[in-house]
C-alpha cells in the first residue's frame, strides 16, 4: 500500500492542475495549473523507475545492490527542460497580454470568439 | 557518401543546424540570411525527395520498404528497446513531402511578406525549428521522441503565432495555443509513461508487438487519441485553431497547417501501428445489443461522430464569419473533419462474416486512401487560400471582408490563385479536392448513406462560403480607397504559383498520385505485420 | 527591477563565485555523476539571476548586452549540432561517439591508484555537455533578464 | 499506366471527361459571342445604369458587404447558431474543459 502513495499523489496533482486550469480565472494561476500537471507526470515517470531499496544509478565506486532504472530519469529530465521552455514562453506571453489588455482575467482576455 | 542511408537523420538535423546558424548569419547581412534559409530548406526538400524516391520504388521482392536509422550506434539493430530509432515508411515520408513543400513555400513567401518586420533573425530561427520538429514527429520511431518533437513544434509555433507582439489579439492567440498544446502534450507524455511502465519499451514497433490491450492500455489509447485530436483540431477541441490561425502572420499559418497535420499523422500512427495488432482482435460483448462488437468499431464510430460534428460546425461557423483568415480557418476545421471521416470509416468497416471471422471491407481501404489523399489536398488548398489572404493583407492592411471590394481589378494573379484555391477546397472537379472527397463519399456511403449525404451537403456549403469571400473581396465596384493598390511582389506570386501548379497537376493526374504515393502510404499503415517484420524481425 | 540594499549586494557578491563554481562543476562532471549541461547551466543561470535581483536589471543590462547573449546561445547550439554532425562524418552515424575509446593517457592526471588516469573517458559527451551548458546558461539568463526588464519598464510607463 | 482514372471501388473518376466538357462549353460560349453586334460602342450613354432618374449611389454603398451576404440563411438557422455561439466562448478555460469532457466521454465509451 505504501508504495502506491506516489501514484495517488500523481492523480491528485493532475486533478488539482486541471481544477486550477478550469476554475481559476487568473492567467498566472492557470500557468501554475499547467506546471502542476507537469510535475504530476514527471513524478509518475520517476516512480515507474524506482524499486524498493534501490540506489542511484552511478556505476563509479558503486556499493552494489539494485539500482533505480535510469531511463525514466533521463525522460523526466528532458520533460523538465521542455517544461522550462514552455513556462518561460507562457509567462512572457502573459506579460505581453497584460500590456495590451491591462488585465489577467481569462474571461476578459478571451476577445477572439465566435 | 550514400545520402539516402543517412537521410532520416539529415532531414531533422539540417534544419536544426540551419536554425542556430541563422542568427549568426543574420548579423552579417539580411539578404544573405534569407538566401541561407531558403537554401537550407531547399537542401532539405531534396533529401526528402531522395528518400521518398528510394522508399516508393519498391524493392525486387515487391514488399514495401521501411528505412530505419539508429542514432549514436552501429546500424545493425540487436535490441531496438534501448535505442533511439527513426523508422521511415511510406506514410512518414508522405507526410514529410507535404511538410517540406509547405515550408519551402513559406520561406519564399516570407521574403517580401515579412520584409517590414524587425526581429526576423528570430522568425527564421523559429521557422527552421518548427521544420525540424514537424519532420521529426513524422519520421520518428520512438514514442518519447515523438513527444519531444511535438513539444518543439508547439513551442516554436506558439512563439511564431505571437510574433506580431504589438497586436494584443496575436499574443492572446499565441497564449491559447501554447496552453492547449502543452496540456495535450503532457497527456501524451502521461500515456507514454503508462505504456513504458507496462512494457518497458518506447520503440513503436516493440510496443506494438508487446501490447496486450489491458485496462491501462485502454486509458493510454484514449489519452493519446484525445490529446492528438485536440492538436489536430477536431470539434469540439478545435477552438484554439481559428484563434491562432486567424491572428498569426499568413506565412506562420501555412506552417501551422503542417504542424496540425503532423498531429493527425500521430493519430494515424497510434491507431494503425501502435494498436494495430490489438484493436481488430479483441471483441467485446454489448449486453443490450447481444452482439460481439470489435473495439475498432467503437473507436471508429466515436471518431466518425466527432468528424461529422467538425464538418458541420466548421462549415456553419465559416459561413457567418467576416474575418478573412478566420473564415478559412473554420473551413480548415471542416476539411480536417473529412480526413477523420476517412479514418473512422476504415476503423468502423472491420466486421464479421458468416463464419464469425474478421473481415476487412473493401470500402474501408478506399476510405483510408481517400483520407490520406485528402491530407495532401487539404494542406495545399488551405495553404494556398491562406497565402492569398496574406497577399490581401499585404496590400490592404486589413483582415475584415467588410472593408474589401473590387480587388480583382488591381490584383489579377492573386484573384486567379484564389479562384483555384476556392474550387479546389470546395471539392469542385477537376481540381484535386474532388478526387479525394469522391473516395471518401463513396466509401462512407457504403457504411452509412447519411454520413455521405451530410459530407456532400457541407462540401456545397464550403463552396457557398468561398463564393461569398470571392464576391465581397474581389468582385463589386472599384472602391476609391483601393485605387492605388498594386499586385503583390514577385516572390509572393511565385510561392502561390508553386502551390497552384501542384494543385492543378494533382487535379489532372490524380491516379499518378494515388498509385505511386497514396496507396503505398495506406498499405504501410494497414500492413502492420510487415512493419514489425522490417523493424524488429518479428513475423 | 531596481537594486536592493547594500547588505544584499555584498552577500551576493560573496556567494556568487561559489554558486558559479558549483554549477560549472556539475556541467564538467555531467558524464560521471548525476547532472549535466542543463542542470549545471540552470545553477549558473540562477547565480546570474541572483546578481540581477541584487543589483537591478538596469545595472545588469548596462554590463551585459542582450545581443551578445543571443549570439553565445547560438554558438552553444551550433557546437552541439556540429558535434553530432562530426559523429556522422567520422563515426558514420549521427550522434555517434567518435572519439570515445581512444584514451589519451595524461601524465598530468596520473592517478593510477584509482584507475582513472584518462582524461578522455566519455568521448564527445563532456564536450556536448559544455555546449549545452553554455546554451542553457545564456538562454535562461537572457529569459530572466528580458522578463525583468519588460516588467520594470511597464511600471515606469504607468507612472 | 493509367494517368487519369481513379477507381473508387464502385465508381471511377476521370478528369479528362470534365475537361472535354469544359472545352465544349467554352466553344459554345464563343460561338454565341460571335453572333453579337460588332458595332457596339463603349463610350456612350448606353453603358450607364438606368435608375429612373434617381442619383447614382457611391461605390461604397453599391458594394454588398460580406456580413450582408447569406443574411436569410443565417436568420433561418438562428437556433443552431445560438448553440454554436454559446460553444465558442473564447475563454481558454473552456478549451481545457472541452478536452476533459471528451476524455470522459471517450473513457465511458471505451471501458464500459
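Note that the chains are named A, B, C and D in the order they appear, and that numbering of residues resets to 1 at the start of each chain.
Going forward, a residue touches a chain if its C-beta (ideal position, glycine included) is under 8 Å from a C-beta of that chain, and two chains touch if they have at least 3 such contacts.
What you see is a predicted model; the values in this text were computed from it and never measured.
If you compare B-C with A-B, the chain pair joined by more contacting C-beta pairs is A-B.
The geometric centre of subunit B is 37 Å away from that of subunit C, both derived from CA atoms.
The distance from the centre of subunit A to the centre of subunit B, each centre being the mean of the chain's C-alpha atoms, comes to 28 Å.
Centres computed as Cα averages put subunit B at a distance of 24 Å from subunit D. Among all residues of subunit A, those that touch two or more other chains are 21, 30, 109-112, 114.
Those residues of subunit D in touch with two or more other chains are numbered 84, 88, 90, 92, 96.
Among the residues of subunit B, those touching two or more other chains are numbered 175-176, 179, 183, 243, 317.
Chain contact topology: the protein chains form a pattern that is neither a line, a ring, a star nor a complete graph.
Across the interface of their complex, subunit A is touched by residues 32-34, 36, 38-39, 42, 140, 143, 146-147, 150-151, 154 of subunit C. Residues of subunit A that touch subunit B in their complex: 14, 21, 27, 30, 34, 37-38, 41, 44-45, 48, 71-72, 75, 78-79, 82, 85-86, 89-90, 93-94, 96-97, 100-101, 109-112, 114.
Per the touch definition, subunit A reaches subunit C in the complex via residues 56, 58, 60, 77, 81, 84, 88, 91-92, 95, 98-99.
Put simply, subunit C touches subunit B in their complex at residues 70-71, 74-75, 77-78, 81-82, 84-85, 87-88, 92-97. Chain contact summary for the complex, subunit D toward subunit B: residues 1-6, 8-11, 13, 15, 18-19, 22, 59-60, 62-67, 69-70, 73-74, 77, 80-81, 84, 87-88, 90, 92, 94-96, 98-99, 101-103, 106-107, 109-111.
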